[in-house]
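Okay, so subunit A shows up in both of these, paired with subunit B first and subunit C after.
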Partner chain A sequence: MTGRGDRAVNYVILASFSLIALYPVAGIVLAAFQPPGSAAGGFSLPSELHLANFAEAWTQGHFASYLRSSLIVAVSVVFVSTLVSIMSGYAFGTMTFAGNKVLFYLFLLGLMVPLEGLVIPLYFDLRALSLTDTYWALILPQIGLSVAFGTFWMRAFFLATPRSLIEAAAIDGARRWSILWRVLVPFARPAVLTMMVLIFMWTWNEFLLALVMVSSESLRTAPLGLAFFQGQHVSDVTLLAAGAVIVALPVVVVYIFLQRHFIRGMISGSVVG
Partner chain B sequence: MATVRFEGAGKRFGGVDALVDLHLDIEDGELAVLVGPSGSGKTTALRLLAGLESITSGHVWIGDKQVDALPPRDRDIAMVFQDYALYPQMTVYKNLAFGLRMRKVAPGDIDGQVLTAAKTLGLEDLLERRPRELSGGQRQRVALGRALVRQPQVFLMDEPLSNLDAKLRTQTRVEIARIQREFGITTVYVTHDQIEAMTLGRRVAVMRDGRLQQFDSPKGLYDRPANLFVASFIGSPAMNITEGSLEHAGDGLAIAFGDHRLAVGRPESRPDDGIGAYAGRKVLLGIRPEAMADASLALGTPEDRRMTVRVELREDVGSDVYAYFEGGPPVSNPGLAESPTGDDDEAGGNRRRTFVARLSPQSKAREGDAIQIAINDRALFFFDPDTGVRIG
Partner chain C sequence: MVRSTASAPATVRTTWSAARARTRADAAPGERRSAAYLYILPALAFYGLFVLAPFGHSIALSFFDYDGISPGSWIGLANYKELLADSQTRGAFVHALVLVVFYAALPVAIGLLLAASLSRTRVRGLAWFRTVLFLPQIIPLVVVAVIWRYIYAPGEGPLNEALRATGLSGLARPWLGDFSWALPAVGIVGTWVQYGLCMVLFIAGVQKIPTSLYDAARVDGAGALNEFLAVTLPNLRNEIAVALTLTIIASLRNFDLIYLTTQGGPGNATSVPAFEVYNQAFEVGRVGFASAIGVTLALIIFAITIGVNRIAEARS
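Moving on, here comes the complex of A and B:
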């Protein structure tokens, strides 16, 4: 349909946008490979690949500890939120029960209210429960926030699932629990994986909550640790770049690992939405 | 195996009656078809029987068990869905085995039952495939197999052929009839296609607007339609319908419509009729296209059973010739007949003045010719102009 000229224009537009998006990222990655201590700002190719910055950042910045904290928090949040979201999405998407509309809007509220508006009262609540400065202070609120999104996401998916699939399973003798886990969840795998990636990403990158809730260094998550690290090494661009790459890498790895499913989930999600 | 009984069953969806006071007795081992246009309540009736919808009034029985309040899994039924509803992530084998596993059949027995069902339907080579790797016809057979494998009391089929192409549809129809006869499982089959209904059903329930119109054998529906709706719904091409007036003619009656006048015969030759009471009044007349013949090939038809018409269009399909000509005025209360907005091709016929006759292929009638059409007076149907009920 489209002629060669159209295609060329498309590619030029796409390429320029990619360039705009990738330029700062590439700048940081390249800077991380510069010789240690060089004040190479901007965009210049390193003469050779120096890995020393990474080793230096890793030990000086205690990134092992930060990544461990982030991993504990992110995995717990993703695991629990996914489980709960699948079940609540199933309820909202396939069953009618008293107050389901009101309850669902209540869930949506969790999507609409920004964390910045909640974080101070949340701090006092958690302090009253003596949960501040523990992993719980990071895990519990983020489960709450993720379930709001997850419920919304899974409900949309289950609403779009052919009704007859559920009915066929019911006639085949399956109870609601089996219908969900044996028929619908395997079918929903792309959507579930996409949801997991998104929740993992948001949890991993969460900064404000960690800043407010946690004071012990051993509990610091990666983005928070990176902020402290930056404070200490303002002038050492290559070292900071290496730290930033270390913090961002896990999300990139997770994304690449699941990208096939991720794209499929986004597409099915968009049809649903 | 079991009987199925609807006892005044009704369903309301938010103030709208989808099904009203349905009484239906289906015999053990019978294949009964529910047929009607969309919105006629046929699918609602099936879903009430399946337990997929709750019943608003009345009762449903399977065998000697009243199942109104039972969930689908406890009704010992199996259903074939219009879109097949195969479990997409399971292989054909697992699709067939799922119901057995859910019912805690011993794993050793599952294998045997699945293979038996697969063999019956020729699915042996497909057992490891997933639904998306199958053609439409194959998916359809898997859906049948999934119903068959459990040997339920009742089969429910919701337009199982509507997603197949015409050729496959005929094949599968024969297949369903064979399997149903072989296993003798009571079957309730829903379709909007009257040909499917007439060929498959031992008895056919014609539905309209949530109400049962008639439950009878295909021949019974064809020969003795209860009302104008059934008469116009059953048969292809659809029955020609017009308004006319019933007049005395000698010691018998005649029907006048448009430019035509046909002898009806003496009342005593139509003993089951109530048309005598309608003499001198307006009635609705129905004539099946196949009850007409080219008079030049039907010698001996008396003059008063012929009508002279001008052929507007001739369609030669080889086995038959369809001749279209000006008939009589359309029915002024079109609500009595098959809805002209229905999805049936023939539906518009009731609105037009044009009649269609199915003539022998020997007919030499050409477009523009004035010919004589001979009509068998036994094939005239009369309906009350207000209620549409058949009166003769």
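Moving on, here comes the complex of A and C:
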């Protein structure tokens, strides 16, 4: 086999699979720009860019409200999860204490346990506390699930941090609390950003939790809102496409700017393990 | 994990191995500090209250006959016995197995095909390909469902139109409403979501394999196939384990797509355990039975995660 032949095969394989990945996504974006109410058959190029679908989805579909709910939930979850994950990761990564192994395995369980395995009692328990149909029901469980990952992520980072960095700061008389926030966290910025990006994506995309917990329309998150919107406008392809684009856009924009963090975070197991 | 495309298990794998390598775990965490508990407390509180406690509660509920309203009654293992005996529930687990082929086996095979081809050469513009290939992973599954419902739409959906245009109009059908085609149709959506992840994983892995290994294989007169079997495949062991863990879990935790495309139908043709948990608890009102399905699903996921990684470690 010649190098050139191999290379051509590579490009053909890569290009075809990239096209297959891109085609349905591009198709729904194009459909959103078709004249309202048209069939958008076969993902053709629109003759001109119609924005009417977006306007109608925005007003009729209440997507402004859905996006606001999603934003409130996602920002709260990311902020709190990041804060407490950094703290627990710091303890697991730099300190020794009785029961650290047991606690470590306990958190490990949280990476595997599926939401399907706990969403039922979660609903009944939160209902008993009158917390269902509030933002709390979306935020608190999502933090619980995120800190399991966050603790591991930050623990791995702190384990790999040079001890000299911590010791040097300690010699300067800094206390552990300020070593963490003044010395280590600035040093950890890329790892923290990766963690935040992943938690943001998981929170933004979450559907089952919102479906179970929320019944008021004003509290619906973007994915839940889109699901209801789909139920109401099954046959209106262009309107539905506009709604889908609105819901996906925030995550896709973050992905475009921070794609390395997404990819590195999601495949990290292979890199470290 | 609340993640739609379960991703944290990649880290499970990492930390699982790290924890098992005793020396490292024992040596690493510096001085003895009781302040550690204070640092862990907030995370543990959230995790304990909103994950561990409900999961424990779920296990407890699975031993009850409970409709969510009137007080439940203890029935021991009856829910689990029914889960094994009831053909509809058993069917849901069989469907999940079929989906494993589409969500895990196919994407890993596609990824390996690319890895085999990529192992000998360098590719320009890889970053761009990677960005596009990974895109289906980050899009909300609700949006993925909207996209594919449209593609599969009965009558004049793009897929049916394309089939007619190529003279295959006999194949056109309402894909998601067809008793024999609905499950593979949903499966293909899973393949579409997952193959990019496998490709990106394996591309990263293949590029870390020292070229000297390939040179040595070539000196020994190995052909492309032997080279793949002797060098590429064994050196991708870790990446394959990660890919299998992620994709198999995604195929088992398949609520969003099923709920939004077929609702388990037509009939029960696409019903899966993750959907049955929701359906039995919140539509049928059999909370105890639904909990038993959820706990069983969790146990299967634990077993697969640990099993796949044990196998990968044993071979290394």
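Convention: the second predicted complex is superposed on the first by the 244 of 273 C-alpha atoms of A that agree within 3 Å, B and C clash if a C-alpha of one lies under 4 Å from a C-alpha of the other, contacts with A are read in each partner's own complex, and residues count from 1 in each chain.
Keep this in mind: a residue touches a chain if its C-beta (ideal position, glycine included) is under 8 Å from a C-beta of that chain, and two chains touch if they have at least 3 such contacts.
Since this is a predicted model, take the numbers as computed values, not measurements.
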Requested in this report: Put subunit B and subunit C onto subunit A via the superposition and say whether they clash or fit.
Outcome: fit
Query - Larger contact residue set on subunit A - subunit B or subunit C - result: C
Requested in this report: Could you say whether A:Pro162 touches subunit B, subunit C, both of them, or neither, answering first, second, both or neither?
Outcome: first
Requested in this report: Give one of first, second, both or neither to describe whether A:Ile171 is in contact with subunit B, with subunit C, with both, or with none.
Outcome: first
Query raised in the report: Between the C-alpha centres of subunit B and subunit C, what angle is subtended at subunit A's, in steps of 10°?
Result: 90
Report task. May I ask you to decide whether A:Leu30 touches subunit B, subunit C, both, or neither, giving the answer as first, second, both or neither? Result -> neither
Report task. Could you look at A:Ala91 and tell me whether it touches subunit B, subunit C, both or neither (first, second, both, neither)? Result -> second
Query raised in the report: First (subunit B), second (subunit C), both or neither: which does A:Ala242 touch?
Result: neither
Requested in this report: Could you tell me if A:Gly110 is touching subunit B, subunit C, both of them or neither one (first, second, both, neither)?
Outcome: second
Requested in this report: Give one of first, second, both or neither to describe whether A:Val73 is in contact with subunit B, with subunit C, with both, or with none.
Outcome: neither
**Report entry** CA minimum distance (subunit B, subunit C), superposed complexes, angstrom
**Finding:** 8
Query raised in the report: Can you name the residues of subunit A that touch subunit B in the complex?
Result: 162, 164-165, 167-175, 178, 182-183, 186-187, 189
Report summary line: So, in the complex, the side of subunit B touching subunit A is made of residues 50-52, 71-73, 77-79, 81-83, 85-90, 98-99, 102-103, 146, 150
Requested in this report: Can you check the complex and tell me which residues of subunit C touch subunit A?
Outcome: 1-4, 6-19, 25, 28-37, 39-40, 42-44, 46-55, 57-58, 61, 68, 110, 113-114, 117-118, 120-121, 123, 129-143, 145-151, 153, 156, 158, 161-162, 192, 195-197, 199-201, 204-205, 224, 238-239, 242, 245-246, 249, 252-253, 255-256, 259-260, 273-274, 277-278, 281-282, 287, 290-291, 294-295, 297-298, 301-302, 305
Requested in this report: Sort out for me which residues of subunit A touch subunit C in the complex.
Outcome: 1, 3, 6-7, 9-11, 13-15, 17-18, 20-22, 24-25, 27-28, 31, 39, 41-43, 80, 83-85, 87-88, 90-97, 100-101, 103-125, 140-153, 155-156, 159, 163, 166, 176, 198, 201-209, 211-212, 222-224, 226-227, 230, 237, 240-241, 243-244, 247-248, 251-252, 255-256, 259, 262-263, 265-273
